[in-house]
């Protein structure tokens, strides 16, 4: 497996299958009387959140705790970060405290890549800017797999603000990797012209796309984009690209509706549609814990030495020459 | 007793004299005393055996940021001069985006004084086009021009108003100065992080389309034609800009242009791991653009290779990509990059490389003492380099205070051995003399 | 890549069949029938053996015994010691084990670490009345104070040897082979804990 999870691009199809298969076992753990296994006992997982995201943080926190890891939540408000500490110094501090894995959410695209230069811990990207959100894509695949036998030949549409969506990027790459076909649907201003190079079709006509879909994935639309004039009004957006009751009826019987949350009911998805049985949005949330357990287990559970020795080294030794060089560089 | 240095048997590449061949050069005090085959070493002369080495006029940079006054934590005139000498440069045009801005004579004189004190390289400060680089009111171009300032630019900013650009080009005609534009339509580049294309979409970074430069470049060429003023377009990055310059020159517009070593060598694809040392303005672009820059340089559409040496402090560059300032250092690597990326693969003859790095920029700036020709009686501003010597960028640190080299860790060919400024070694055996 | 070089066979198919029958009888005798019994096999191979035992018990006694499969990976004590996290198998325990006598079933008993992990895992599912252990082969070299209640065959082995159980359900034939592992990238001499070896014994 991989040392860090930064982008879906790092994963092979076999890696994805292994992550999803292992997640099945963790879902079983979630049905036990005691929903906790000792797999990562004694390991430390840090949730380093530079952006508020209670949902993702809690999901990772629960995943780590169910693996018996110690969890530290390091959020930017009220911490040294709000006093102007740089990402590098925060990273060196977490390294010195012996973190085995750092889960990072950051508003800057690429921040997880930068973090890997400064720490020995594994880095898991929990969403970076408008780049990627690989764990979301993997839990989406897991949820899709519950409803469809095979990704091969599956037809999915991702609808909305593709340009600014890290979910859309990761999910398009992930579905494509697994053999599904992806259509990106939205106003031309919200779909990068280069999107076909990700292996996706582009359409600006939601109604035309619906009857052919197995998965209709709605993206959250931020009102801020209207202020930036990517579309003239929320009303017009909703009229053209919102999943209304009328539109959902155009979907084939078996098709599922997904959304990464949090939803803007009445904007990209009608409130009644969000509550339909075929809207598997809460399943996505549930599956998030199992998939994140799987990732933490596969990444942190792979090692190159006894954990106690590594912890002792981190605690007792001065930063190694490599880190000192970085510190002085 | 005069101080004498005999450089024996090096390949003298001297585009100003249209000379390229193995010969001997004798330096006596500040001047070239003789050029010719089989020169005898006068008694007491230091002899440099030049077998396999290249001797050329000292390099001239049209575009470097020395940061002083105001940003001495990034670079000073002294450290920038030392970096220049280490890279084989004997003359550098320093950009005016200091604090205070070089939009008045006193800052120009301060930079010159600092350069004289350092004594490692001749520094020719550029003046700002507009007061405070604000793009609105013209700076006192006349006073600075009378004091010898030749090039004016708001570099770091692009003058957005076509009216202001027109006025600057017109006004400058009285002094035969050059209006140098960093071409960027800021309306198309809000929040930009890198070249707009496949990689920006993939990496989730806001794009800076090539058109943002091409539109402005085309506008300035039209204004230069309208006004008859002298225009220089600096650090071109886009194929359309090269085409616009080519078309402008064909119509007789007084336009010149430069390109940086990093735009000649690197691509937007190199940004895949978010290395902030590769974040520049203009951004690294695609193969298509790089190919246009290379062929534009080869056919003379692009006159000059300029470094855009832009040092930053480590703590400024070791941050999240979108929080990093733009720019890479360049003075210490420019020659080697041109040799490795263009001369060695046969894209540019060595004599053309020397012309673009020395002779032509000296002539654009009107520098009599620099850029050759290397003839008896001329000032001895020279560089000796080993074109075959392999080295790894950063392996011995940097002379610049900036360690933000886009080429850090890369293997290059071509190492500067000696730099002479008016007959005095500023670099000897690869090491600055002070 | 690693390869298993077979040096000999400890049991052939007919013997395995007789051993399973004998253990089924022993379980019934010791527990005075099938009431309150459950069989839980340790993945992989132990779960198939558990199913065979359950069929034997049903044949002998006419009673159905609940059967489960337990994967002990998350309870291993060598997580983080290998370059890859150990592979996970399926756990299927579709009944409440509280109050039952659970017979853990495994193919090979070696260091005892798998059984330690299995007991830890089991108590997370409930509180069995008792836990017993049945194995097809006991090859010795215990590292923990664990012993089996039902043993198919005691087979003294060298520590660096490897014992492989083949079952028709998975491998197409029934046999217990002894041999050695060639070119294994995991050290096998210290604990027999190499991920991917048959006697999946955590270090």
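Chains here go by letter, A, B and C, matching the order in which they are written, and residues are numbered from 1 within each.
What we mean here is this: contacts are C-beta pairs under 8 Å (C-beta built on N, C-alpha and C of every residue); 3 or more make two chains touch, one makes a residue touch a chain.
The structure presented is a predicted model; accordingly, all values stated were derived computationally and were not measured.
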(request) Quick one: point me to the chain whose Cα centre is farthest from that of subunit C. (result) B
(request) Kindly work out which chain lies most centrally, taking the average of its C-alpha atoms as its position. (result) A
(message) With centres defined as the mean C-alpha position, give me the subunit A-subunit B separation in Å.
(response) 44
(message) Taking the mean of the CA coordinates per chain, how far is subunit A from subunit C in Å?
(response) 38
(request) Compute the distance, rounded to whole Å, between the mean C-alpha positions of subunit B and subunit C. (result) 73
(message) Which residues of subunit A touch subunit C once you look at their complex with the stated criterion?
(response) 1, 21-22, 24-25, 28-29, 32-34, 36-40, 43, 67, 297-307
(message) Touching residues of subunit A toward subunit B in the complex: what are they?
(response) 86-88, 106, 108-111, 113-114, 128-132, 166, 169, 192-195, 197-198, 329
(message) Which residues of subunit B touch subunit A once you look at their complex with the stated criterion?
(response) 193, 197-198, 200-206, 273-274, 276, 314-315, 318-323, 403
(request) Enumerate the contact residues on subunit C facing subunit A in the complex. (result) 71, 73-76, 79-86, 88-92, 120-121, 124-126
